[in-house]
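Residue numbering begins at 1 within each chain, and the chains themselves are lettered A, B, C, D and E in the order written.
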């Protein structure tokens, strides 16, 4: 049997890696992937808890999260396309017209 | 008098109504706008005189009180009332406002409607401040008054008007916001904003403030008032505001607004925080004395006539603060009297300076000289006012200064001694500047054909001169009415201290016993 | 089955406003092909917003959907607020959309959906539902931010908002997950029963605070606000500054009023966040030359003031009598600020002219002469933001001061006072510019023709309410004051 | 050292490695692929925990739909290697440390939480049937579920609004 | 008793005259103007006489009446209260009488001046304030007159306001007087603090029974008296505040005569005499008065020796004579002091008016070195001036002989230190007669030192000469009240004043009788010496040699003005301008205010820098926030973890 702690720890690590990715990557799309990664980490935590407690609603949450993620993906990629179209670059650092 | 029930309400809101009505006038028929404003302020003045009958002589407490619930929680009520102290300050305001309208008859020539609207709104704020008995209401008017004043300075002012306006607003707001915190603190402690109630609570011991919190509260209020007064070293907004403001603005500013600070001290600081006031008195007095001398010395060397008058205000208001914080009945009455006298004298001075500016468009003393020849009448008025401002007996300035010094001396002779030097210096800067402006040969060709005062100006000046003279000779008319309230304040301040009314020594001059212990006292010294 | 439907039906009545708003959103989409004139769409959208707000009268108080939803006067208040805001924003957008040549249907639909999301937030009693509501409003906001497709700024603002927003959402969600783990449920009521000294709960609440702190733009999470607000279409900015913020605060309050542990954990956090936010906002605003951006910073500052009230709330025990005024302070402040900022941003969007070109202080020079009404209204809003008496803002500040001092947070109050002074500087500076500076002719005459009728309507309404709240706050306050009692009596 | 534990460690390793490679890869496509790896690994873990419906959804919706969308967009914009610019000094110097710090704090808190430790091991012992999930979805969580439908609608709307060409 | 009951009429009449002239005079011809002025003063003179008659008629009862409250505050009351006693009689008669004469004189002297109405309006105003001063029954009302006369002196000195020097002199006079008033006010405050009233009667009634304070001990009364005396030094031009009086000669000559010789400048003496009850209880103060008076008498006389401006000579002689009066008061001979005050009023007014007549004759020339040999041309003026000179020099039977004699006698008898005072006083007498006769010779004898083509010397009109003659007569006879005292009779003047000064007068026993004769002969001898030396030096023609050494020092008045300027005025202005205003006010205080504003903006600019616009940085900021929040919320757990190093 795998202790729940392990799952939680893994989710924490993945979440952290997501954060790292977010601040480390420059390409907008990959940054967005980082967010997806974080959401996955959250999902893992949800499932782990729900299984540990034997309460299925946690998995329902996971479904919701996935739906939200999908929606975000649609909109996010739309925004990314828009950005890429407006300024011919996907480098997040080149998008800094608004500042100060 | 049908109004009597709501006279104060009328006094506060009639100018506002006038301002609203003014908005409906067409912007371009200047004459009617001016006339209308004049009429409104005139009616206001007459109405304010009605209060004289209502305020009983020889007893403290508020008359013509009005009370109405406004906001249930926090319990904010519309509580108005007038007593001997506020009575004359209100009348001073309503008296100066028409003069301001007249003063800007020629001086202000663009956006006239807005100008007069602002003037009337300003009057609303000031009168409201003097009449409110609910701290919250007081603060409300206190803040409202800022904006029209700022606009008066900022739109119709001179070159650096914007700097001056912003400085004025921010400076005052910085003080008042702390006062708001203080007010709320008090509310939190007492559950009411009602001034008389809180006063009663404090003196019945129902509200016990720890020494620390009392001091903090005192400071929260005092700083706000000190900025308004302005007390050294918080005075630097004043010269800028005065120099940049249009004549009317300066008149109201010097005549009334500064008094709001000292009025606040009498109304709030002393009665609400007697212990703290006592603790603070020495420091305040030192600041006031510094203000008196410092203001006078700086005024002495101003090349700019209006700045000179402005700094003289710093000096004169120092007297007032000193009189208040000597905690003596005499000095307190002197302080109140000085507030009124200064309002008239300095208002008149600014009016005259404004007249010079209307003609010559400069405040630089060096641009004038020998004006006695082209404009003898104006010169005469100026001298008269200057004398009143330097406290010549039989003119208004003397009574206040004398009483302040006399009363202060009874408490702390060295304070009075230092402050009295201000009397010398005031003569110095006023006479010296007067000499440079009006005496000697005419130095600038421009000055040769300056025309003397017009009929309109004469009326204003005569009115002021009459008041100056009357206040100088017939002071009891005023003092009788605010004697009791001042006494009350002092007694709240120090119930145990016997002030000079206690034992008149001359009651039994022949009595050896008395003579002996007087002798002992003298020997003891 | 019969009974189940009954339950369903009854439940529906708890969430009528959301349903109406979403319904009208859908309706707009459907009718778009047939309604050619934008006015018609605007009108429909306004009806939608209004209807959603009004149906609150026929909603049933109490908890529904097996405790996911709690509809009480508290959520009632927020429904009214967001409803009113979206109504005004829609009205204000009309002329904007025409000027910028954008099509209305989607815009309005998105606004309505966003409003629905805020409604959900306001009445959510369960964190995941709240999360969905948050996402609804957020995703709609992302899109709205980038609605001016051809504008680089707009798309940039959308991108930043989207990336950072979802970043923060992830934290929020992780927090929910952890709390689910410790409580076995995400229902606020259930969370309240968790022993407050559980590390997991602490962590969960931390992450939730991070997520929500981001949404309400509390420093140092405020960092995104100025850019996003500046880039977004101005009516949308108005919506941002008023709606989602209020809704998020609503959720925070909801958690507060129920979970005592939260108040314990969060007190100092709020204390420090409040100070940071106030200073970040005011100090940032003081150096701006772009009015829109200045208002963005100022909205941060006002979030800071609201947080002061939160600190006050979290300091006192929820059953103390001081708590009611504190809640009242928050609600009143949010309401007053929301209206004022909608009004102000509307004026800005009108003065901005085609493509929002005229936003600097210089462009506003002499506005008092060129557009007296706009200038006067804007001044009123600025004075309200500044907290001058007889405006709504003054009472808002007053209540917050009162709350803070009631909770003995004198130093916080003093810091807030200091900030109000700084605020006074830049607000008054704009008034000065409008009335005391001479018009330098940077703005072509055609750009400075008065407000459009619709915008004028919005401004008037906002101004009137501002004054009304400033003169007679007691009516609104009455409602506001009764509700926290409802809350604590859960 | 029982079988599930071994499987767990294997999958966990894969997931972490995938995540790391997502970071280190320069080309978005590679990052996307490594993300898919992560997701698959997670799906495996879900199975290991006995949440097979979630696992399925994970594979189908996430690994399938969403990631396909990603790759599609990448192709559409034919995004090349990302240039590792360092305009943000803050991110350069403080970024990774802070990220690690946050992770560390969260992990530390997790590890130290008594509650988490007290939880029974999550295993197929409690196997949740799809039936129970759907019942929950349509009774208890019907409201959020309906809301998500609107959410999707918003998303579609967004896609239309944002991605449509200028007319 | 109509007038006494309405005592206010006496001061009011001049006030009316002043008001009428001031408001309407500018459009009137001179005739109306001066008839108004003369009418009002003359009338008030008449009223004064009538008042005196009534006063004597009802047995010299001190009359006191409160007309109305002026200032009332708490226990303090200052009413418009007038009183009328023997001292007042003397003063009122001098003021109104001499004043009236000088009015008449002015009609001639000012006939061709600009601002005729202004002049008379001021002059009447002065009369008003002066009468208030002498009639006042309490210190505060006295102070009204006190300040008022100062104002009028300011106005009249600066009458020729086109002349910078004139207006400067005016300011100087007013400000120096203010310095004195500063002391005077503090004196009043102290008195009020001690006696809780400022009424003469009440204060003196309380002070009467008090023990005299031991010599050298600074008790309350001593301090109060000194403070009052400071005021007196200002008003009566005593060391160190005498400096304004010589400059005051910038004013028209009648003004010099009325204000700066006869009346105003004696106000100080009046105050000291009036509050003699206090002074007698403060011997130390008395000594200071005596010493200052004595010193001034001598000091001013020395300066008078070498002045070339005829009015300056008279000015310094005035200062010196005032010194005599204070000497008198200081040694307790208040009566003598007042006596000298009166006689001095006569002859000094006479001298000034004559000088004025001379100047008038010379067409405005004031420098004696440009005169000479006028005796034959303007006989009346010459004789009058001679009378005045003899009088002031103190030759019997002229007025000053008696008054000065009384003072010196009192000084001689004063113990301790009286002899010194006496000697100095005597020296001053020598100097006095010297510089006066020097004046006579320089002006009226020797050959002409002026250009006859430009200056047409002519005798003044009657309206100028008649007052001269009257005054000449008075300065001859003015002293005869004391005449009987010589052959053992009684000094009527002293006796008349005795109800006021009571025992204060140092009684002269019959042993003193002989001594007094001796002393008076010594005095006459001294005067003769002065005359002789003057004759020796100036009878034959002299050139106005260039002055050096002592002469230069004296000619430049010991450089006192320069000293004051360098030591006080200049530094004050410099510090005010360059330190207080430019550094403290603009620099420090306002600098701080603006500094705070700028500082805030600067901080704002740095805060703004965090808005780099780079999304990655923003993400990092979010992380920062996360760490902060985590830190705060976990603090209770972290603290032990960090500091006790255990999880």
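In this section, contacts are C-beta pairs under 8 Å (C-beta built on N, C-alpha and C of every residue); 3 or more make two chains touch, one makes a residue touch a chain.
Fair warning: this is a prediction, and the values are worked out from it, not measured in the lab.
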item: Each chain counted as touching chain D and chain E at once; value: A, C
item: Centroid comparison with chain C (C-alpha atoms), farthest chain; value: E
item: Pair of chains ranked first by number of touching C-beta pairs; value: A-D
item: Innermost chain, where centres are averages of C-alpha coordinates; value: B
item: Far-end chain from chain B, centres as C-alpha averages; value: D
item: Centroid spacing, where centroids are CA-atom means, of chain C and chain E in whole angstrom; value: 78
item: Centre-to-centre distance between chain D and chain B (centres being mean Cα positions), rounded to whole Å; value: 72
item: Distance from the mean Cα position of chain D to that of chain A, given in whole angstrom; value: 6
item: Computed distance of Cα centres, chain C from chain B, in Å; value: 45
item: For chain C, residues contacting two or more additional chains; value: 128, 132, 135, 139, 142-143, 146, 149-150, 158-160, 163, 167, 174, 178, 181, 199, 202, 207, 226-227, 425
item: Touching two or more other chains - residues of chain B; value: 170
item: Per-residue overlap in chain A, given as positions that touch at least 2 other chains; value: 8, 15, 18-19, 22-23, 26, 31-32, 48-50, 52-53, 57, 64, 68, 71-72, 75, 78-80, 82, 92-93, 95-99
item: All pairs of touching chains, each written as two labels joined by a dash; value: A-C, A-D, A-E, B-C, B-E, C-D, C-E, D-E
item: In the complex, chain D residues that touch chain A; value: 2, 4-5, 8, 12, 15-16, 19-20, 22-23, 28, 31-32, 35, 38-39, 42, 45-46, 48-51, 53-54, 57-58, 61-62, 65-66, 69-70, 73-74, 76-77, 79, 82-85, 87-88, 91, 95-96, 98-100, 102-104, 106-107, 110-111, 116-117, 119-123, 126, 128, 132-133, 136-137, 140-141, 144-145, 148, 151-152, 154-156, 158-159, 161-163
item: Chain E residues within the chain D interface of the complex; value: 612, 614, 616-617, 619-621, 623-624, 626-627, 630, 634, 647
item: Interfacial residue positions of chain E with respect to chain B in the complex; value: 26, 69-76, 140, 143-144, 147-148, 151, 154, 158, 161-162, 164, 167-168, 170-171, 174-175, 178-179, 181-182, 185-186, 188-190, 192-197, 199, 202-203, 205-206, 209-211, 213, 219-221, 572-573, 575-577, 580-581, 584-585, 589-590, 593, 597
item: Sites on chain A touched by chain E in the complex; value: 19, 22-23, 26, 31, 92-93, 95-100
item: Of chain D, residues touching chain E in the complex; value: 87-88, 90-91, 94-95, 98-99, 101-102, 105, 108-109, 112
